[in-house]
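Only one structure is covered here, and it is reproduced in the block below.
Letters A, B, C and D name the chains as they come in the text, with residue numbers starting at 1 for each one.
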């Protein structure tokens, strides 16, 4: 029996998830779509016969034929929608962030902990990217010893209009915060954000450097740049006791032309992480069958938001800011 | 409604296909498995609840709940099995080669042509490898002009025991023959196989060079080596009027260790072409729904076998051998 | 007429310079060598017929047949030796640092400024490395717009025994400080050094991150690690308005073996920068003929030392430290 | 005492050699230049004070202050000039080819053998390219076992006007013939040249494939293309028993721009082999001091010409042609 999925939000991400669920994930069916704009929901279901456009997210979440919910609506709606899924006892994959405020995140954590079982997955899709997965596996295997330093880099080709030094952290760098915890298995002790720019550089191009100190002393340095122009570029290098392991930007061909040798770069995050999004959905559907949760938990979602907000405070204070966390409920303890 | 697939042959390849079909392909179900050795068929279905072990390939092909057949049994059985599928009017994905002799291949072609619709796909999986697909797309787009020369390279880490100069062509180089036609869209006019070795090199390590002349004068040079020791390595470079396009060996990470920087190599064809096998199966299942055939046709399977046998004759004569083909039925003409 | 060079210091670096001067630099002759240990000086001249071992650096500097002096003796001796060369009116190429203290450096600057002509070159050899030179040329040409962010990386395979957090800056990171100024053409406004380590990491392995802010707001991030084990690794990436330019570690061959593809890494700085040392010496000899100074001036040597000492203070204070400089004499102003 | 060199031929190559000799080679002096066109000789010496323009190559070769001769005049003049140098008892570095005909080459070999000492070096400069040198060293060390197959590739960006299928072998592929012998230490048993082109490809763009069989059964496959458009590209891969070693195209920086990552390619052979030409001249000057010959001997020059002419015959016959050689005088036997 296929898992019947309802997708809340029929924008670019929601439509993409609907397409992948209905055409490329084993064991899943696209059952329903809702959107604040009904014409968008209709446009998506028209491309996927068998799926229904529902009038509201409430309808979708309580629909009997919806086994599981994928939330891809605007960030501010994530918290209430996830709580509604928990109230309905339905598994939910929520696009990041879990919620924009730590308080909302904690309310979800508390509710799920009270239920005593994990229903929430947060869509930090990098945890399913083949490169990050192989990096994580090699770190876990310890083939080069422990990692004591990580370098991350995250460059958008073109800055979205809403980019400010603060949203650059909460929207973009938050991926680095999550993946730093995932790769090291440690919590973030402090975060220091440095942003400078030369006089002639547009504000949206100002690069940001983050320095994270993990709770065992591991250092993480991350660059986030939103207007790199040349392409979308995400890198990671783990410096271990006896060597280093780095992500390789996916490219299937190399091209020699016009005096230059090399390879094509992704234009934005969607081609770059297409495989990650696919594998995330397949793993999520599989996890609903096996009962073994995968991906970032609501606790992870809470920590990412809390650490990002500490980063925003660091921008204001100019120095490192400690990341203080609520108590971690037993449900989220690592075995 | 999912396509219910029966897999004939429960060896390494058959078991792999069964696993992918039942866990990673949207719209497919593993319905049945048969094998000359019933314990092997049982071992596979035991890992995939819902699948049935059938007593024979005959039973499987005529089973009412089998919508489509995947043939992964020994090469010599391919021809009769594909003919049985045609007799049953069922789509079949047959592992390469379509059959070891040109006569058997032509019998299939004739039978399918008489049916008037394409039911046969031959598992030349490279046509679904993301690298070859992108290479093909770029050649079709003509961004660097026409390709007038191709270099191929195909190295196994460890030679299988059955390798001889002849089977190296019919088993291994046959992939190059198919992909040369796929990438160029031209037929092979002649094939010249050169095999030499130094006195101290084991016979199974003797490299082979193939020079193909396509029917428009395009040259294809291919090296096939079966005992390269260092890893499995498949390459292709298309030399075009204004530049070249090359495959990049898939690797998600780079590693610096012990005085060496670089990336891990695949050990054999299965990890190297895992994505190709997956995408082939997904595309095949999709094609059964849409009715638009994908992959190598039985005609392509015939030509690959015929060209490989011409290569074997070239080994004997020491010079180039023309590839002469039967008439191509209208069913296989390119639109 | 060849320039006759006297080399002070016959240790590893001095012996290397003597060898290159006498065998691979056009227009130069190795005239004399001195060392605190006369057997070392003798060992070097024995390998280079025609060169004389002199009893002391004083003898060497005032020797009539020594046209120019190369100082490769211990760091603490650099200042007095360079002053002696200035007193003798002889050009001197002094290995970095110019002197360990800012005061000594300033004394040299003042003396040379009083002479009114540049006689001192400081051996920041990276300014002659083909990679840094091409990076500098491309930045100057502005083909990708202005650089607003630089990443540097400097990893030793094995930490020398004297390494502490402070000497890591004054001995190793000082190269980054000089090259940051060279590549950007700007002064360093502030330096922030961050050093952390996990409990189980040897102190000599603790990585250090430096964040430099240049006086126009350009950011420079640098990692310095002294015990990387896997090899010697120096990198630089300049992030410009429309793209990035990176150093490529020199390697003339690639090797595929044992399941790994890649290229050999340098074991330490000498093979990595062999070409830089050679080109530095050739350019220095050429500059003595043309009268056009090349390389780092004594002012540059002073700034590198001053900035490194500011970095050491940053380690103590935990925050960024401003780099305050004396007035720059007209002799060192950029045209 | 510097070696005083006279350069015959003041075209592009001669002028380049004159510049390198006078500015970048230790132990050498540019003493004299001659050219059939006296204005060209004058133009070169005007750039290098101290050098004299001589009226003829005869004058230059017999000039008392010319210790050694570098021949960079048109190919047809090489043979007589080298013989004149031998008659004068002067060492000569002759640009390739030694002479266009095997007979002329053999006359030089015979004359030098009669003298009983090696005075002739042929300018197959790849033997001094750092990449080929490292490849040769690694093959000699045998770290990956014996090489049993080599792939070479030689692409010019833009075909010179004189290019025909035959001159492509005698002018361009001759480098591959020499380097095949250098890398393997074996003679060429046979050569098979294959040239085809598609109807719409300009004749000067027709690629050529060479298959060499060395006298121990080692295979060498080489592509030569003269109109590759995208850049100058020379590659070599040695396939050994346990791995492969490949040349890496020299590049000091990588560039990310406009959706493409990669590195700049050389425009033609001069930047690509600038280091090889320099190192060749330095090694030649050094060898004149030590008396130990370096580089390709006149015997090597003879074999390269003979093998190239066999390649031309192969183009005519369409099959492999044996390379038959005269007896090798003792002077050229490998120790």
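To be clear about the criterion, a residue touches a chain if its C-beta (ideal position, glycine included) is under 8 Å from a C-beta of that chain, and two chains touch if they have at least 3 such contacts.
These figures come from a predicted structure and were not determined experimentally.
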Distance-maximising chain from subunit A - centres being C-alpha averages: D
Of B-D and B-C, whichever chain pair has more C-beta contact pairs: B-D
Gap in Å, rounded to a whole number, between the CA centres of subunit C and subunit B: 57
For subunit C paired with subunit D, centre-to-centre distance based on mean C-alpha positions, whole Å: 37
Chain centre separation in whole Å, for subunit D relative to subunit B (CA means): 43
Multi-chain contact sites of subunit C, meaning residues that touch two or more partners: 144, 230, 242-244, 254-258, 263
For the subunit B and subunit C complex, residues of the former touching the latter: 230-231, 233, 249, 254-265, 267
Partner subunit D, residues of subunit B touching it in the complex: 144, 146, 148-149, 151, 194, 196-201, 205-207, 209, 211, 213, 216-219, 221, 223, 225, 228-230, 239, 241-244, 319
Footprint of subunit A on subunit B - complex, ascending: 22-28, 130-131, 133-135, 138, 144, 242-248, 250-258, 263, 282, 286
